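Take a look at the structures below.
The following pair of complexes shares a single chain, chain A, combined with chain B in the former and chain C in the latter.
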Partner chain A sequence: MKRFKLMSTLVAFSIMLAGCASSANPTNPASTAATGNTGTPAAAVKSNLTVAYSEGGTTLDPAEANDLTSDTLVLAAYDQLVTYGIKTEDGANIANTEDIQPMLAESWEVSDDNTVYTFKLKQGVTFQSGNPVNAEAVAYSFDRVASSSSGSFLYGMAAIKSVKVVDDSTVEITLTNANHNFLQIIAMYTFSIVDQKTVEAQGADYLKTNAAGSGPFTLEKWDPATEAVFTANESYWQGAPSLSKVTMKFTKEASNRVLLLDKGDVDMAIEIPPKDVASLQSNTDLTVASNASNRILFFAMNNNVKPFDNVKVRQAINYAIPYDELLSGVMYGQAKQMKSAVASNTPGFTDAGFVYEHNLDKAKELLAEAGYADGFTFDFTLGSGFDDWEDDAVLIQAELAKIGVTMNINKLARAQFLEQQKTNNLTSYISKWTSFVNDPGYHLGFLLYGKGSSNYINYSNAEVDKLWEEANVETDAAKRTALYEQAQEIITTEAPWAYLYEYNRIVGMSNKISGYAFYPDEVIRFYPLSFEQ
Partner chain B sequence: MFAYTLKRLVQMVPALLGIIVITFILSRVLPGDPAIMLAGEQAPEETVNKIRQDMGLDKPLYIQFFSYIGQLLKGDIGYAYHTGHSVASDLASRFPATVELTLASILIAILVAIPVGIVAATKKESILDHISRVFSLIGACVPIFWLGLMFIYIFYSILGWAPAPMGRISGDLNPPVHLTGLYVLDSILSGDIIALKSSLAHLLLPAICLSTGTMAIVARMTRSSMLEVVDQDFVRTARAKGLRESAVVYKHALVNALIPTLTVLGLQFGFLMGGAVITETIFSWPGIGGYVTDSILAADYAPIQAFTLVSAVLYCGINLAVDLIYGFIDPRIRYE
Partner chain C sequence: MSTAAHSAQSSQPAQGKPARPEAAAKPKTLWSLLLRNRLAALGLTFIFIWTVIAIIAPWIAPHDPYATNMANKLQAPSASHWFGTDNFGRDILSRVLYGARISIWTGLIAVAISFVIGVPLGGIAAYYGGRTGTVIMRLMDILLSFPSLVLSMAIAASIGAGLTSAMIAVGIVGIPEFARLMFGQTVSLREKEYIEASRAIGVKNTVILYRHILPNALAPLMVQATLGMGFAILTASSLSFLGLGVKPPIAEWGAMISEGREYIISGQWWLVTFPGLSIATSILGFNLLGDGFRDVLDPRLRSGK
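== the complex of A and B ==
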């Protein structure tokens, strides 16, 4: 009896609760049904684009963004002072990172010693809040980058000394020294111009989860677990975008992104696995854009650790890499042979010095010359998270075994791998790299310059360092390129790495999408896209 | 019973304290540096150091611990760097998703497995019994990721019956009014039929997928405990006094056989809450499992700690609830 009472009380209570709930929101279900939950909403609205992404992003703050999804979110909502131009190569649109175009800055002047840039802002441009885009906002935005956690190093890379407001529409940026990468760097998402007044009114944390820019899209929703939704900023100063709504769906499982695209449930999907390209290409409703990216993959050998301190041993490893097998077997042809430490898309690239091919006899010969005729054993650290790395490592291991070299593979989780890598003590590993700034100086400065902050394998060559330093202050582009070419040739010959491949950036999309362009930073700009439905 | 409940609640406190200390130490002792993960691989050492300072990770461990406890006492469970949101808001959006998935899978397991177990036990050694045993074996063995991918391939890709494996509700629909966070329940409560249909359709495949293991365990558990019970004197007595077979089985035998099954279900609930990672990943289900895995991979301490704490509380709560339900099912069990 007691039990019955309890049960009936519970039932009565839950009914009451249900009653309250529905009466508290009497209009909501109906309005839900009217706005979204009717049968044919899509037909009435023009061009909604749904894109499948793998990761949900970590921040909306331009100064802190440093992952693909966050960068994409930022570029949809913000503008920068300048931007990259577009060139056409083999029928595909590709960003030209050397061709800097005006954006919020209408024009700029450079002092004779290349250290002072004076930007004239476009008149009448407003943020989405209605506040004007003025010199104050620019200075504020740059200062935010300087004091940010992730972006501050780019401020240093740009060599910015000070940002001065001259008048409401003029900003003067002084550099510590002439820097040919300056404009390229400030065209990045990091240097987006934020709406100072809104940020100051809302508090410092506002930008982490909200956007306050002048960009082509207004952020409706961002939930890293499910989706981000943007709607067109109809009063965008460059003209309203042709897409009225962009939904980014976060779908971690790569095979699902492929299925969703194939079935037409998303209109575009990024990070398509190479093995699925062929099957998607057979779908006549889809186009697969597979562009050579700047993302390189290399087999690094610690130049301080025996026997990799011996250049002949490193060269021998270069001759033992099964290049073609990696490209066709692991990457299904969606990659390109890497022939310099610098990506072939980067201005100033040269394959001079690249004489390596899969030749085990030559490898053995070099090992014998180095005094390792019987081979040797070494430790190799494999960071998890990338399927192809493991396949590569196993194939390389098998080839090395043929020349008497034993490669012990130790697998580490990504977080541990990055931590270990930073100790400069790993004997060998595979790693990828994409330079944010498409420039050999930036690239080599991190990776192979003696004091480079990501030179985890202690490569040090006085001549390379000298060439790099000279090029860094050289203002003549042609002379600079010549210096970088020399440096690349030395590096390739000395073989601190074995070059594996340059990844293709694979984006699958509906045939009805036009305006897609590939950017070396791999971030998709939604503004130029259009989608007929 | 009130005194008993209170006693159990008090006992939870040292257990939770222990969990707080252990998770705190474990998450920091394990390799992986959150500052490096946050800075990205192109950041130079100075940037990493700056982030480390900003996050307070340069301070000694005991100071970090006390500031964490201080935060906890204020009800602040921290900020998740890898999602850019506060842990509280992340948990608020993701916990209900996992609870909904787990509840649905347990419900499916109960609806399928208990009748199967009963049939298998009452028709022991019959063909039905053998079939049920083979299926339980398969259910316990089949890897969830394989099953999930197969489900998606067959029901979404080929047959087109299931919706796209993309979250909890169709992308073009608004989620139902937020009451409990469980979409199915919320749409029933708010009378949103369209949302109900869509959220049920999205829930079905992952829930079935997740329930297979539980189903197998519960079916076998019910079968064996039923077998123990049907041989006992009170069942013979019930038969002897001329009760219908259905009354003997459901009113006398089953009720007595349910206790072990209930224990298993309680444990399974806790297990599924954290163990739904694979299902969540495959179906892009925005739940807690995937969130915690990502946090671990990103060496993001706050969400790991918060999740462990919350699930410990939940686990203790479920155990307590199960113990109390024993009393309802079996009046011989008394609490002092």
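== the complex of A and C ==
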């Protein structure tokens, strides 16, 4: 009893002290920055890059990787047949996912009906083990994706029917139908080419915790709880990387990542909270790259659950969202208003049908028309892990209260939230989405197509479905865009979601880093980076 | 509103009771001894202040604790907002005051759960002994073998996040302490002549337990209950900090610290400091009082402080 009492008093005091001590930090940013610079003598030898990541990843298997860290690990160790080009926009390097560049495939030919692709592999490329990268390995890698649990879906999205080895350096891929997204999809980390011989020698589970690719870095260590360490593959076929070592430090708490970066303990940090951007920008040793991404955030309403089955109620919610407060108050301007179910930088985007603004009178009117003049009560599920989500939810809750609508916020841990989401039974929630293939067909196919695998709110509109299906097999880009525009307008008008915002992708890095490019999949490619000491 | 009324009523008998068994022997000494113990008096003052605040929060809070005003967010403490404002522009002073209701109410309910379940279990285990006693006390040992926060997190997570589940979780975690204490008391009281006498004249076991043993074991149980309040408030705050307690936007100290911790680095210290101080002072109050109670009730520990 006595020990408990002593302990709880101590804990109480330490909470108190933590509160007090915090005031000391911001007053001396200069001194912390100075100590940070002197604290990195080890880096002076050769260019070692340390990056703070939020999560530790779940697998190294390219076919199963499905989270940002795992994807990053895979792309550091593996190559793909083709890759994305880079364009410069407002002085920043941004990946152009429509511009497909050769990688392990030197060239390719497409049949007249756009269903057969013949890839010619680059000669003399070897895996890190020394085994040659050949057609066999490509066919093997694609087959692994087809039979994987995570990547098989993309295999279907790519519409691949068969992969045939023509000769040692030629692969022929046949599609079930013409698919304008095919090359963009096989440029993803999922379709990395794995070293067949090594995998077969080591057993089926080898790739979960080991890398067997031809990529620019070899994996030295991966511990999801602490860090991953990569060393340069000096014999990389595109030339040895300029970085000799990359250490990814897994730091869950965003404020810790900010602190590490600010003090110079890491050279780069991802997922910087918007509120800390201004203070990091004032640190002259740092550059903060904040790029408009196609990561969207939306308030989803289950179209099968009363009263959200009524389109007027959904529209009313759209009129109750405090759009400007979310952008400026929660996101500190590091986001953009979302005006369609598709992100504004996705080709084919249109804001047609977006008439919503923060207008509580209009919202009340719509509720009255729908027969809910006195408001209603509904359950909202909040997945943990993203601070802005909770802020958004609380602000929306406060606005809805003004029109008589009571929103009960139920918090769930992220894993639980994702599980619940899949049951299609959640009444409402906030969720983000990033389409790695920046295409409305890919995007809507997941989220709002009637049979979409991530259409968790049962939105179903026969016309939207028809437009999507037509566009899917339409080979003419302009006609396709027209179809997607029609679909977006219907969706925006029917409001299965309330659109919240489009995120900026914020990466903070030392001024000495060059070669950074932003990719829509938000994965950092380490190979093009260089770091002056 | 109803929360305050409840906490006021239920705290009354809780604090009145311990005096009763002692009252016959030394009517005034308990309180006077307690007040003479300076630390206990300080603890009592903290508790008194927080209880009063919990009751009258709606009347003294300068602002609506739930009114968001983004134009006014993250304001440093000033004349209009003594404790500053949080990231939604809500007044932190008002939220701290309202938070007192949640914390004290949570503590009371949790301790009540521990008491009502733990005391009978301990009493039955000791009085009847045998296999029943062994089973009950080994169960208590199993509960005790888990770190309390981990156990309460597991319970709260399995019931589902929310204030009620947090109260139940903290209550369950507190059961073994009461059971063990009651067990020890009952074992020694069981052999007393007056118990043997009651048994001899045919008084029912349940009546003996309730009417004769319980009142005589109350003093140490009250010490435990007072210390348990501090524990319950801290654990409930920890659960809220971890996202297993109250639902947003409810003003609760642990949740306020959790929401405010992101702002420590950017310099908005007031988001965490004031709820932190509130937790610290309320727990300190209950611990000092519990300590004082024990000193007063146990002559062997009575010293000249």
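Note that in this section the second predicted complex is superposed on the first by the 489 of 533 C-alpha atoms of A that agree within 3 Å, B and C clash if a C-alpha of one lies under 4 Å from a C-alpha of the other, contacts with A are read in each partner's own complex, and residues count from 1 in each chain.
Operating definition for what follows: a residue touches a chain if its C-beta (ideal position, glycine included) is under 8 Å from a C-beta of that chain, and two chains touch if they have at least 3 such contacts.
Note that this is a predicted model, so its numbers are computed, not measured.
Look at A:L259: by the touch rule set out above, it reaches both chain B and chain C. Contacts of A:Y206 after superposition: neither chain B nor chain C is touched. In the overlay built on the shared chain, the residue A:Y332 is in contact with neither chain B nor chain C.
Contact with neither chain B nor chain C is seen for A:W237 once the two complexes are overlaid on the shared chain.
By the touch criterion defined above, A:E227 reaches chain B but does not reach chain C. Considering which of chain B and chain C touches more of chain A, the answer is B. Within the superposed three-chain model, A:F436 lies in touch with chain B and out of touch with chain C [touch as defined at top]. Of the two partner chains placed around the shared chain by superposition, chain B is the only one that A:D67 touches, whereas chain C remains out of contact. In the superposition on chain A, A:P273 contacts chain C only, with no contact to chain B. Residue contacts after overlaying the shared chain place A:N408 against chain C, while chain B stays out of touching range.
In the superposition on the C-alpha atoms of chain A, the part of chain A touched by chain B in one complex and by chain C in the other spans residues 18, 22, 25, 255, 259, 413. Those residues of chain C that touch chain A in the shared complex are 66-68, 70, 73, 87-88, 157, 160-162, 177, 223-224, 227, 230-231, 234, 243, 247-249, 257, 259, 261-267, 269, 272-274, 276-277, 279-280, 283-284, 287, 290-291. Residues 3, 18, 21-22, 25, 28-29, 32-33, 35-38, 41-42, 50, 56-61, 66-67, 70, 149-150, 152-153, 208-209, 223-227, 247, 249-253, 255-256, 259-260, 262-263, 265, 385, 413-416, 418-420, 422, 433, 435-436, 446, 453-454 of chain A touch chain B in their complex.
Residues 1, 4-5, 8-9, 11-13, 15-16, 18-20, 22-23, 25-27, 254-255, 258-259, 273, 275-276, 279, 322, 325, 328-329, 382, 384, 387, 390-391, 393-395, 397-398, 408-413 of chain A are the ones touching chain C in the complex.
Against chain A, the residues of chain B that register as touching in their complex are 31-34, 36-48, 50-51, 54, 81-85, 90, 93-94, 97, 149, 152-153, 156-157, 160, 164-168, 171-174, 176-177, 179, 189-192, 194-195, 281-282, 284, 286, 290-291, 297-299, 328.
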